[in-house]
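Here chain A shows up in two complexes: once beside chain B, once beside chain C.
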Partner chain A sequence: MLAESLGLSAILFVIGVIGVLTRRNAIIIFLCVELMLNAVNLTFVALSRYYGMGGQVFVLFVMTVAAAEAAVGLAIIISIFRHKQTVDLRNINVMKG
Partner chain B sequence: MDNYGLFYQFHFYLFGIIAIVAAVTFVTRKSPVAAAMWLVVVMFCLAAEYVMLDAQFIAAMQVLLYAGAIMVIFLFVIMLLNLGEASDIADVRGIWGKLLAGFVGLVLLAEVGVLTRTGIPSGKFVVGRDYLGAQLARYGAVGAVAKPLYQDYALAFELTSVLLLVAISGAVILGRKESTSAR
Partner chain C sequence: MIQAQSLALSGNHPLAGTIAAWMWLLPVFPLLGFFVNGALSLCSRAHIGPADPGVSHDAHTDGADADAPAGHAHGADSHGIARPRFASVVSIVGPGVILLSFLLATAIFAAMRGVTVSTPYIQHYWNWIPVGDLHLDFAFQLDQLSMVMVLIVTGVSTLIHVFSIGYMGDDPGYARFFSYLNLFVFFMLLLVLANNYALLYVGWEGVSLCSYLLVGFWFLDKVNADAGKKAFLVNRIGDVGLLLAMFMIFANLGTLDFTAVAASVGSMAFGGPLVTTICLFLFFGCTGKSAQLPLYVWLPDAMAGPTPVSALIHAATMVTAGVYLIVRSSFLFSMSPIASITVAVVGAVTALFAATVAIKQWDIKKVLAYSTVSQLGYMFIGVGVGAYTAGIFHLATHAFFKGLLFLGAGSVIYTMHAAYHHSGNHADPQDMRNMGGMRKAMPVTWAMMWIATFAISGIPPFAGFFSKDSILNAAYEHAGNSVLGGATWLGMSGHAVLLGVYALGLAAALLTAVYMTRLMLYTFHGPSRASAEEQSAMHEAPWTMTGPVVVLGVLSLIGGWLNLPAIASFLGTRGSLDHWLDPVVGTVTRAMTNGVAIETSHGTELALIGTAVAIAVAGIAIAIVMLKPGSLVIKAESPDEHGLEKVLAEKYYVDEIYEAAIVHPIFATAKNVLWRGLDVGIIDNLFVNGSAAVARGIGWVGARIQNGSTGVYAWGIALGAIVILSVFSFR
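Moving on, here comes the complex of A and B:
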C-alpha cells in the first residue's frame, strides 16, 4: 500500500497548500499548515515499513515541532488580534514596504 | 507488491477517501470552528491509516496529541477571540489567488504522478519485508519506537525538550499584555 499512502499524503498536502494560498483567515491558514504536517507524517509512516523505524521516530519529532509551532503561532495571533481586532490577513500588512 | 486482504484494502481506501473529502470540506468552510472540526476528522482518519501501516503507537499519539491537544489549543483560541462566526467579508482570495493555488496544486499533483511511476529505490537502506513485523513482535508497539528514539536519536530527543522550553517561553512572552511588560 506504499503507492496509495504516498498518493493520499500528496493529495492532502496539495489541499493544505491550496488552503494556505486561497484563504485569508490567519487561523485557517495555521490549520492548513497542520494539515500539511499531517500529510508529511503519513509519508514518514508509510516509508518506515521499508526503511526501518526511523520514520516513526521522526513523526514524533514532527508532532513536537507542530505543538511548539501552534503554541507560538497562536500567541502571535492573539497579540495581533489585540492590536487590530481582526485575524484577516488583509488588515495585517504592517510589514508591507 | 505485497499481498493484502480485501478487508484491509477496503478499509485503507475507505479511510483515505474520508480523509480527502474531510480535507476538502475543511478548506472550504467559512467558519473557523467548523473547519477545525473537519480537520479533526482528517486526523482521526490518518490515525486509522497509521494503524493499518503498522504504526500503532504513532496512531495513539496522533489521536492524543494532534486531535486532542493541538486542536484543543486551536479551538480554545478561536473561541477566546470570538471568531466562531463566519466573517461577513468573504475571506477567500480573489481570482488570482485561486489561479495561483490551482497552478501550484496541478504542479504538485503532476510531480506525484511522476514519482508513483518510479517506485521505491532499492538500496542498502531498505530493510527486509517483515522487518517491522519482527520489531513489533519482539519489542511491542511502544518499545519498537522507543528503542531507536532513546538510542539512535537520543540527542535529537533532548534537543526537542529545549525546543519546547523555548516555545513555552515565547508563547508566554508574546501572550502577555503590553502594560505588564512596560512595568
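Moving on, here comes the complex of A and C:
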C-alpha cells in the first residue's frame, strides 16, 4: 500500500513541477504549486501509518498555510492583472537585475 | 627623586653635591623659553589679520628683500610700524633663559676648576629605552669637553639672542623666532650633554629641525622654504651614516654609552675594517651636519634664514657638532689611522675648495657661508690628524670671530635695508657691489669686523692665529712622527698625505686672507655706491646689535689665550685648553704619537709660524693691491664674469651637477617607475581597478542569469533541487 501511495504522490509532484516549469499562465502555475503541496501531503499521510501521527498533524498545518498562501497568491495575481492586463508570465519580467 | 637617583649612582664623584648636580637645568631653561615664547607666538598670531599694521609691512614676500629685517626702528621711515604683540615679554624671556643657562654653566665651570675631575660626571634621570639587550638611559655626562661646548653654546647664544632683539625687532614673527631659537639651544645642549650616542642623536636631529624651521623662517618666499628643505634633506643623508655607525657600535660592542664604548673599544682590532667602517660612517654623518664635501651644499643655501640664525646655527654652534662628535668619539678614531687620515684629507680639500668659491661671491653672506665651510674644514684637519684639542680650540675661536662676522654682516644688511627702504630702492641689500664706503656710517662695526678678519686670516695675536696655527703645526708634525704618518692611505704613505694636507691648509689660509680682505674692502672702503639719499639714511645699528658685536670682537682678540703655544708662553700660561681637555682626549692624543708628546724644535716651530703669518700677510697684501673697490659698479650694471671667474662665481656648478646626477634621476625614477609604473600601473590599475573589473564581470554574468523571467528561476530551483537530491542519494 505504501509503495502505491508514494508512487502516486511522486507522479502528482512531478506533474506539478512540469506544470510550473512549462506553463505560462500564472493561474495554472499556481494550481500546479497546489498540486505539489498536495502530493507532499499525500506522502505525509501515507508515512504516518508507519511513523506515528506527526505526519497527519503536519498535513493540517500545510493545508492551513496553503489556504493562506492561496489567498495572498491570488491577490497578487489579481494585482498583476490589473496592472498589466495579463497573467502571462512571459510579459512579467520586472524582477531582473 | 631625580636628585636621589643620580646621587645613588654617582655619589662618590667629586662633582656630586656641587652646583654641577643642577646641570639638568642647563637645557631646561631654554626649553621653558621655547614653551613661553611659543605660547606667546600662538596668542599673537590669532590677532594678525588685515587690520594688523605689521602685516601690511611684511616685506618678505618679494624676492629683493628676502633676507632683511622687516622695517627698522630708526631713521626717517614714516611707516606706521606696530611692534609685534608681547614683544617686550619675548625680549626678556628669549635671551633671559639663555643667559640663565650661561650663568649656571659658568658656575659649574667654576666648580669644576675647583676639583680634580678625571672621569665624567654622569647623572642618570630615567630608563629611556630598555628593550632586550639595549638599555639606554636618559642621562647627562659632564666632562671637560662637554663643559667647553656648553660654555661656547650658551655664551655665543646669549650674545646672538641679544643681537636678535634689534635685528628682528619689527618682524611679525618675533615671538616665533625666539621660540625656535630657544628650542635650538635646548637641542644643542642635549647634544653636547648626552652620555650616549642615541641621546646625542636626538639632539643631532633636533638642531636639524630647528635649522629647518629657522632657514625657512620667512617661508612665504618659496626660495627660503626650499632652502630649508634642502638643508633638512641633505642633513638626513648624512644622518644615515651616523645611524649606521650607531647600529654597528651596538651590534659589536653591545652598548651606546660613551664611557662603556670607550672602555670596550679594545675588543676591536686596531686599524681593522670594523672600526674603520664605524669611523667612516660617523664621519659621513659629520660631513652632512658640518657641511663638508660632498654634503656641504646645504650651508650656502641656508643663508636664506635671518642673519642671527646664520651666525648662531650655521657658523658658531650647530655646524660644529660634527667636530664635537669626532672628538667625543676620539677613542674610536684613534683606533683607525685610515679613517683619521680620511677626515683630515676631506677637511683639507673642503677648506681649499670652499675658499676658492668664497673669493668670487658677491653676496656678503655667501662669502661668509663658504668661509664657514672652509674653516670647518680646518677643524676636521685638526681632529683628523689627531690634534683633538686643536680642533676644539679652533671651534671655539671660530665661534667668536665667525659669529662676529655674521653679526657684523647682519648690521650692514640692516643698515642697507634701512637706506633702501628710505629711498624706495628695490636693489639687493646683501650684494657687496651695492655697498662700499660703509665705514663712515658704521665705524664700530667696521672696526670689529677688521678684528675678526685679522683673526680668521691668522694674524697674531688675534684668536684665529693661535688656533689655526696649532692645527697646521699638528698636521706638519704628525706627518713626521705619528701613527698616522706611518700608515698607508689608498696606497700612499701617511707621511706624504699629511704633508699634502698641510700644504692644502696653507693654500686655503692664503685664500682666506684674500677673500676676507676683499669682503672688507668692498663693503667698508672705497666710495659708496649708494645714492646720496640712501647714504644719508645709513646709521650704526642700535646698541642691542653693536653690543654683542663688540663683545665678540674682544673675544676674537683675546681668544688665543685659551691655548697659547709653547713659543708664546711669554704671553701667559701655555696650553690651558690642552691641560683642561687632557682627561678626555689626552690619552688618545698621546696614543696618536706613540705615547710620547711631540717636542718640535724651537727653530721648526718658528719656521712654521713664520710661514703661516707670512702667508696671511701676503693674502691681505695681495687683496689690497689687486682689488680696486673704486672701480666697482652696482650689481645691476655689473658685467658678467667669464672663464674661471664664472666657474668660481657659479660655485663650480656643484649644485647643477648634483641636480643632474642625483636629483634629476631620482625625480625621473620616482615619476616614471614608481609613480607611473608602480603606483598607477600596478597598484591603481592592476590591484584597485583590476579587482573592481573582476567584480563587475561576475556581476555582468549574474545579471544575465537574473533576467526577470520567473520561468527560468523555477527551472533553476528545480534543477538545483535535483542536483542536491542526487548528491545526497548517490553519496
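Assume the second predicted complex is superposed on the first by the 96 of 97 C-alpha atoms of A that agree within 3 Å, B and C clash if a C-alpha of one lies under 4 Å from a C-alpha of the other, contacts with A are read in each partner's own complex, and residues count from 1 in each chain.
Everything that follows uses one rule, which is that contacts are C-beta pairs under 8 Å (C-beta built on N, C-alpha and C of every residue); 3 or more make two chains touch, one makes a residue touch a chain.
It should be emphasised that the depicted structure is a prediction, and the values quoted were computed from it without experimental measurement.
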| item | value |
| --- | --- |
| Joint occupancy of chain A by chain B and chain C, clash or fit | fit |
| First (chain B), second (chain C), both or neither touched by A:59 | first |
| Touched chain A residues, chain B compared with chain C | B |
| Which superposed partner A:94 touches (first chain B, second chain C, both, neither) | second |
| Which of chain B and chain C A:10 touches, first, second, both or neither | first |
| Chain B and chain C, minimum CA distance [Å, superposed model] | 7 |
| Residues of chain A that lie at the interface with chain B and also at the interface with chain C | 17, 21, 24 |
| Contact footprint of chain B on chain A as seen in their complex | 1-8, 10-19, 21-25, 27-28, 30-32, 34-35, 38, 41-42, 45-54, 56-57, 59-61, 63-72, 74-79, 81-82, 87-88 |
| Complex contacts: residues of chain B adjacent to chain A | 2, 4, 9, 12-13, 16, 19-20, 23-24, 26-27, 32, 35-36, 39, 42-43, 46, 49-50, 52-55, 57-58, 61-62, 65-66, 69-70, 73-74, 77-78, 80-81, 83, 87, 89, 91-93, 97-98, 100-102, 104-105, 108-109, 111-112, 115-116, 120, 125-127, 131-132, 135, 144-145, 147-149, 152-153, 156, 160, 163-164, 166-168, 170-172, 174-175, 177 |
| Parts of chain C lying in touch with chain A, wherever the complex brings them together | 702-703, 706-711, 714-715, 718 |
| Touch list for chain A against partner chain C, complex | 17, 20-21, 24, 89-90, 92-97 |
